[in-house]
Amino acid sequence: MLLHVLNRSPATSRVYQQALTMMGEEDRLLLVEDGVQGALPQMVRHFGEVQGRLFALEEDLASRGLLGRCDASVQVVDVDGFVLLTEQAERTMSWY
Amino acid sequence: MLLHVLNRSPATSRVYQQALTMMGEEDRLLLVEDGVQGALPQMVRHFGEVQGRLFALEEDLASRGLLGRCDASVQVVDVDGFVLLTEQAERTMSWY
Amino acid sequence: MTSHFSSDLLVILRHGPHGSSLLRDGLDAALVAAAFGQRVSLLFMGEGVMALVDDQQPDPLGQKGTSATIEMLSMYDIEAILVEQTALELFGLTPDELMLPVRLLTGATLSTLPTSHRLVLTF
Amino acid sequence: MTSHFSSDLLVILRHGPHGSSLLRDGLDAALVAAAFGQRVSLLFMGEGVMALVDDQQPDPLGQKGTSATIEMLSMYDIEAILVEQTALELFGLTPDELMLPVRLLTGATLSTLPTSHRLVLTF
Amino acid sequence: MRYAILLLGAPYSHQASHSALRFAHALLARGHSLDAVFFYHDGVQNAARLAAPPQDERHVVDEWIALHAEHGTSLEVCIAAALRRGLLDEREAARHGKSGHSIDAPFELTGLGQLIDLGQRCDRLITFAP
Amino acid sequence: MRYAILLLGAPYSHQASHSALRFAHALLARGHSLDAVFFYHDGVQNAARLAAPPQDERHVVDEWIALHAEHGTSLEVCIAAALRRGLLDEREAARHGKSGHSIDAPFELTGLGQLIDLGQRCDRLITFAP
């Protein structure tokens, strides 16, 4: 199982499609930095195929005023949770 | 009449939509740097609404091997032509 | 419609807070122009509307945000806060979720803005 | 299929030539790894396929390109030149328009690549 | 006509510097004048006096200096963007208690007001961005 | 576990440096070790010794130095990426005939081989990019 980390918003960049293309069936996707925009209910449809394996970084949500606006299907983790995800994953890939 | 300059490819970035949104009916669009990918026949459909007002920079096409691959609807100009376009336009806006 | 927005400088802000410094760089340019007595309009396009979302908390590790600056805009007499309506809809946001009152604009009106300002800067 | 590509390092190249230095930075990392005796695979994704287009002419004002480096890959024993087929189609390109022979890959195969390499770097 | 350039991209990382230099020479060749290049955001890196690119690559910093020498174009660097990024002239280095400096003349540290002024004063302002 | 970080983004321009610093402290707090941070592409700007950010902003360069002091993490800067961008230590400055330098210890100029080595040696390599 790999962890994919995405720091771009699906509203501006198509790189999220590259991450999805390269994800295996058990892989997880963590939204960070501007990528957390993808956790909004209106945006989360772009990540339908990885439902249940989609995470977003709490600190980046909070600093953008998006913490209370996240879709319920997204699992919010803080930076300790981020480290834990990297421990659990065999490897981490960054998409930017 | 304004000149809009776009340096991102429609294959990776949605910024071309912002340029199109802000363009007036007489405005021109010049593709430069990675933006010249938009001049490929397969890509030029993104710019259908500005047909006849779409330009691409020759030097950037040539350095990317795209000079001979440009769609016939795109007007190719060299850097002197770029300057001429800025002379003719009241103002230039950059999209990146 | 055009003359209503007519002004010296239009700054187009297309980047959200924190991710890059372009939002702040654009705001700084707008504030300086306003301090020099110019009439300034701000247009928040695309991801730029994220700059206006209320309830932005300070970064836990102290990266400086832009929300304090945006709340100060009226002190600089920057009253024309324009927002691309499509962008707001794209993110599923409503005007009452923004930190200050804005003017929503759609396609046809947006494309008249650049010609009704003497100078336009895109950030 | 997986074991066929099994190798030490996978470098994913997602940027075209000239626009940014990321393509060259990724190629440099691949060349160094190869020079250290590692087995290296290159995957050109998205805009990265632009790196392979033939007939790239030197920049008129001399910005250094990457095509000379790509032509040298086999000298570094980098033989696994993998290309995302969808990306090639997106740009309307065919394999015979590329400067060297490549292996075209589609979705299911692509997603097995990261686990079949000990280290993956995305550029 | 009187032109000015706003440059937001760093050399080597993006093509913006190369595009801006090419455009600058072309407009001058067509008989226009180029009042100034204003370096902002990552563009301030164009002033890094210690840049040591390989011999077979262009030396962007030196090319700006040559442009200034030949055509009198001012090279104006946003001071706030520069200080954050470690680009200081001797005066700012002294003011911040740093030994050594990273920007020399003809690059000048200046404020954003200069950019607004250029926008008003020149007939054309063209932005080159990363 | 043994971690390494690859940092490709410049401070102030992008969030990458802040994200990397936060991640570094979190993994150390969880009892892991951080062998090295490798600075490549625009990430080499994190080593700019003359950086003078405003008082109310974080001093990213100093925070990397503090991380090294507290945890022994190596701060490895890709030499090719750094020279192009005007980031030289005293030795490279002398070799290139430049007066003054822009990188100090504990940042070390090194080759890309170090990055490949870290990737092999460490259990986890995490990239933070612009």
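Per-chain residue numbering starts at 1, and chain names A, B, C, D, E and F are given in the order in which the chains are listed.
Everything below uses one rule, namely that a residue touches a chain if its C-beta (ideal position, glycine included) is under 8 Å from a C-beta of that chain, and two chains touch if they have at least 3 such contacts.
Keep in mind the model is a prediction, meaning the values are calculated, not measured.
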Mutual neighbours - chains that touch chain C and chain D alike: A, B, E, F
Longest centre-to-centre distance from chain E, chain (CA-based): A
Cα superposition of chain A on its sequence copy chain B - rotation in ° rounded to nearest 5: 180
Chain copies touching (chain E, chain F) - same or different residues, decided at half shared: same
Furthest chain, CA centroid comparison against chain C: D
Separation of mean Cα positions, chain E and chain A [Å, integer]: 38
Inter-chain centre distance, chain A versus chain D - centres from mean C-alpha coordinates, in Å: 26
Distance from chain E to chain D - Cα centre to Cα centre, in angstrom: 34
Shared interface positions of chain B, touching two or more other chains: 7, 11-12, 14-15, 33-34, 59, 91, 93-94, 96
Contacts with 2+ other chains: residues of chain E: 12-13, 15, 22, 41, 57, 80, 125, 127, 129-130
In chain C, residues with contacts to at least two other chains: 18-21, 46, 59-61, 63, 119, 122
Chains that touch, pairwise: A-B, A-C, A-D, A-F, B-C, B-D, B-E, C-E, C-F, D-E, D-F, E-F
Residues of chain D touching chain E in the complex: 18-21, 59-64
For the chain F and chain E complex, residues of the former touching the latter: 10-13, 41-42, 45, 48-54, 57, 61, 80, 83-88, 92-93, 96, 98, 100-102
Interfacial residue positions of chain B with respect to chain E in the complex: 5, 7, 32-34, 59, 79-80, 82-84, 86-87, 91-94, 96
Contact set on chain C toward chain E in their complex: 8-9, 21-22, 25, 28-29, 32-33, 36, 38, 118-119, 121-122
Contact set on chain A toward chain D in their complex: 2, 14-15, 18, 21-24, 27, 90-91, 93-96
